[in-house]
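Following are the structures in question.
After this come two complexes, each holding subunit A, first together with subunit B and then together with subunit C.
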Partner chain A sequence: MRIVRDQGKRAYLTTYAAPRNDFLPRVRKALEIAATGGAEAVEVHNLGILKIAHDEVPALPAHVGGFANVYTDAGAEVLKGFGATRITPNYELQLEEIDQIARDSGIAMELLVHGKMPLGISDYCFLLEYEDKWGIKCPDLCQKDLFLRKDGWGMKSVGKGVLSGKDVCMLEHLPRLIAGGHRAFRIEAVSESPAYRREVAAVYREALGCALSGEYRQRERWWEAVRKHSRLGLCNGFYFGKSGMDYLGARP
Partner chain B sequence: MATLLAPAGSLDALTAALEAGADAVYVGLKGFSRGGARGELDWDELSRAAELAAARGAEVQVALNTIPKPRERAELLDQIPRAMALGIRTLIVNDVGILVALARRYSELRLTASIGCGAQSEADVAFFKQIGAAAVVLPGTLGPTEAAACCRVGGISVEIMLHMVEEFVLLGKCWMPSYVHLKPTPMPGEANGARRQTGSMKRGGVGACFKICQQPWLLEDGDGIREEQMFPSRQLSRIAEVAPYLEAGVAALKLQGRSLPAELLGPLVGRYRRAIDAAVTGAPAPEVSAPALPASWTVVGR
Partner chain C sequence: MIELLAPAGNIAMVERVVANGANAVYVGPRGWSRRRDAYEMDDADIRRSIEICHAGGAKCRVAINTNMQSHEIPPMLAKMDRFVAWGADGAIMTDIGAIAAVHRRFPGLTIHASIGANILNDEDVRFYRSLGVSQVVADTKLTLRELASRKEHIDVGIEILIHANKCYTYLGKCWMSPYHRLERTADASGKDVFKGSPNRGGLDYRVCLEAWELYSGDERWEARVALKNDAFFLLDDIPKLIDLGVHCLKVQGREYPVAMVGGMLKFYRDLIDAYVAHPKDRPFDLAPWGERLGAIEASRDRARSEGTRLLLIEARQPA
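Here is the complex of A and B:
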């Protein structure tokens, strides 16, 4: 957090999506350090951790993550009572539904604008089966670019997690998100290279500035950058009511 | 004494479960229960189910385990008195929003946070207690020691899914099918425009999964195909640990399987009935031959 803050940036603590009892002491310790170390907020995907954060570090704002399964305004309202100040609604929701939750609950929404969308999480890493066979040990195993492919579509495996094979890309739809009142946008880069993080983030930094100025003109170099880092192509997730791997727009 | 809570997707299955010794049976209500391979009862069937259970001194619980959109939520809330008029007092729900809405409006209801709520720790149990749940369902992947810690939260009943399919992706944390294919389709027998969100397990109406996790995949890296891979999936039975779960303070031992036909469900329930009765009397656990259900159960649905 010091490194991030020394650069004038904001640091956030993220937490386990599906912890068991034996993880809770570690979570409590991390929350304590985050609260005293100046974290902006804690990202919480698990309702038990949300309660712990609310009870034990109430001054630390809670940002609810996509695995917490917020599908409705009613769900958002409940979590607001536990200190949630920002919510990533479940990825299956359409933009109109997200707009409505934001309006009805008064809570800011955090939207995935680029990157591989989380699709599932497990207690178990099946890649460990290949440690001996491939001669690659954990944690190097899940750092490889591994994709599960079938019939022309695919998903990315990161061991205990499954991500979309395609990268969600909302580059050409940023003005729509801004018009919807949203201001918190996320690039999901948990399994990506430093170059991906640097170059895609630079594209969105510039594009957001452009969209907020009200004069949105897409640059070809933006598209060259995002396409370069997208192995299986681009999609819009569920924002437009289609299957998550579909892309709706002028550009693929 | 802990309750043996059995599933039923039809009246035949419900009858079989009751005859085999279930203390309570949970059923789905058409339109508000996760469908797919799982059977759902209409209102006439639910009424008959309540009668059949009452005749044996058993309870029917209703699983309302989708997450209705706001319009559908209002419709659902309006229908609760009809269920209560049938004697239904326990509802199993899958969303914190609907749980709190039901608790505020119908204080006489007993609300259970379903296994799809994803509770796995004592902190999760404490959360659901605070928002008004009377019970929370934990997966059978938690052993008796973890269950005991959850029971110590107190003020909320802990139920354990003692027999279930353990899939690779955690229950309630999967939207792989809808990433590939999400298609609203009319719900059979419904004239009011209700639609299934095929591909989504959780969204409003009825989610129906088509189990892409149970298909073989090609696992490849930048150098090409490395393996043919299937996500691990297995039938999980904790029948040998009934006694430790009871000692842990678990209030209900629950079985998964609303898709099971009566001829498979009855023997499954009977097997757990005998195990519970033996544990309660201190007798040795009955010998069981594994598995209880055909291996295909993990593929065709629960």
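Here is the complex of A and C:
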């Protein structure tokens, strides 16, 4: 957090998506560090952790993450009562639903604009079954850029979790997101290389500036950069009401 | 007395499971529960189900446990008005906003947090308790130790799935199916059934069970890897769960044939009654029960793998 803040940036602390009882003491410790260490907010995916944060570190704003399954305006209202100041609506929602929740609840939405969207989380890492066969041990196993593929389908595997094989890409549609009133955008890069993070982030920084200026002109080099880093292609997730792996627009 | 809760995907199944000893039955209104619409009911059949259950001395719960859309909450409440007037004994729900709305409207109604709510730790339970939930379905990955902690520390009814799918992922935290195929269609009543999304509409294509190959970059490392998703029956744990004092043992399976589900109910009714009646100072022999369960399991496995095969074919059709 100090490194981030020394560069004039905001630092957030994220927390476990699926914590069982045994993890809660560690969560409490992390929340305490976040509250005293200058985190701008804590990102919470688990409603139990939200309750702990609300009860024990009420001054620390809570951003509710995508695994918390916020699907409705009524759900957002409930979370407001537990101190939520920003919400990542569930990835399955389409843009009109998200716009409406933001409007009616008055809570800021955080939207995934680029990267691999979570498709599932487990308590079991099946990659451990291959430690001996491959001669690779945990924690290196899930760093091997692994994809589950079959007849045109693809998902990225990180052992205990599955991500979309394609990269969600909303580069073409940024003006639509801005018009919906949204101002918090996320590049999901948890399983990506430093080059991916650096180059894709630079594209979006420039593109957002351009979209906010009101004259959106897409640059070819933006598209070269995002295509270079996408192994199985691009998609729009669920924003347009289609299957998550579909891409709607002029530039797949 | 522990409650045996049965599924019902149609009226014939309601009749069979009540006759075979269910203490309670759950049914899902079409488009509003975590199963395919073929195993859900129109409102007239929900009413009939409630009547059949009550005539047989059983409770009837309505599963209204999709993650619905914001604008569907008012029509959901209108449906609940009818179900409650007809005598529904409880609502099984997932969406926190919908739960809060139902609790405000029907403060006396028992609300069960569905498996889709994926309540994992004791603080989760306290969160849902604060919304008005009094019964919680336990995630299938939880251990007896975790359940015992819940039982000891929180005033909440614990429901255990004794026949269900144990997915690779946590329930309610999986979007593999709609990533591959989502079909937005409204049914005759105008309800969007979100075909392909288990969280929003119920039908899940089980794409986890595809014959996945594993690649590192462009190089194929494995020709077949499995994301385990097994259906299980509990047996050895049943006496322990009864002794622990859990409130409810729940059988899933609205999508299976009536006779098969009826057989499951009869089996668990007999087992629970035998265990409760046997003298506590003598060991309870589970071996004969295991044999009897084996036959049910074999027929269930056949039905399930055929179901999975057809779902994966359907998942490849253009949406």
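One rule holds for everything that comes next: the second predicted complex is superposed on the first by the 252 of 252 C-alpha atoms of A that agree within 3 Å, B and C clash if a C-alpha of one lies under 4 Å from a C-alpha of the other, contacts with A are read in each partner's own complex, and residues count from 1 in each chain.
As a working rule, a residue touches a chain if its C-beta (ideal position, glycine included) is under 8 Å from a C-beta of that chain, and two chains touch if they have at least 3 such contacts.
Just so it is clear, the model here is predicted, and its values are computed rather than measured.
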item: Room on subunit A for both subunit B and subunit C (clash or fit); value: clash
item: Which superposed partner A:C169 touches (first subunit B, second subunit C, both, neither); value: neither
item: Contacts of A:N69 with subunit B and subunit C, given as first, second, both or neither; value: both
item: First, second, both or neither for A:K144, with subunit B first and subunit C second; value: both
item: On subunit A, positions contacted by subunit B and by subunit C; value: 17-21, 23-24, 46-52, 67, 69, 71-79, 82, 90-92, 97, 100, 117, 119-124, 126, 130, 134, 144-150, 153, 155, 157, 162, 164, 238, 241-245
item: Subunit A - residues contacting subunit B, complex; value: 17-21, 23-24, 46-52, 67, 69, 71-79, 82, 90-92, 97, 100, 117, 119-124, 126, 130, 134, 144-150, 153, 155, 157, 162, 164, 238, 241-245
item: Subunit A residues within the subunit C interface of the complex; value: 17-21, 23-24, 46-52, 67, 69-79, 82, 90-92, 97, 100-101, 104, 117-124, 126, 130, 134, 144-151, 153, 155, 157, 162, 164, 231, 238, 241-245
item: Complex contact set, residues of subunit B against subunit A; value: 67-70, 73, 95-101, 117-128, 130-131, 141-142, 146, 149-150, 168-170, 172-176, 178-183, 199-200, 202-204, 212, 215-222, 225-227, 229, 231-232
item: Interfacial residue positions of subunit C with respect to subunit A in the complex; value: 67-71, 73, 94-98, 100-101, 118, 120-128, 130-131, 141-142, 146, 149, 168-170, 172-176, 178-182, 184, 196-197, 199-200, 207-208, 210-217, 221-222, 225-228, 316, 319
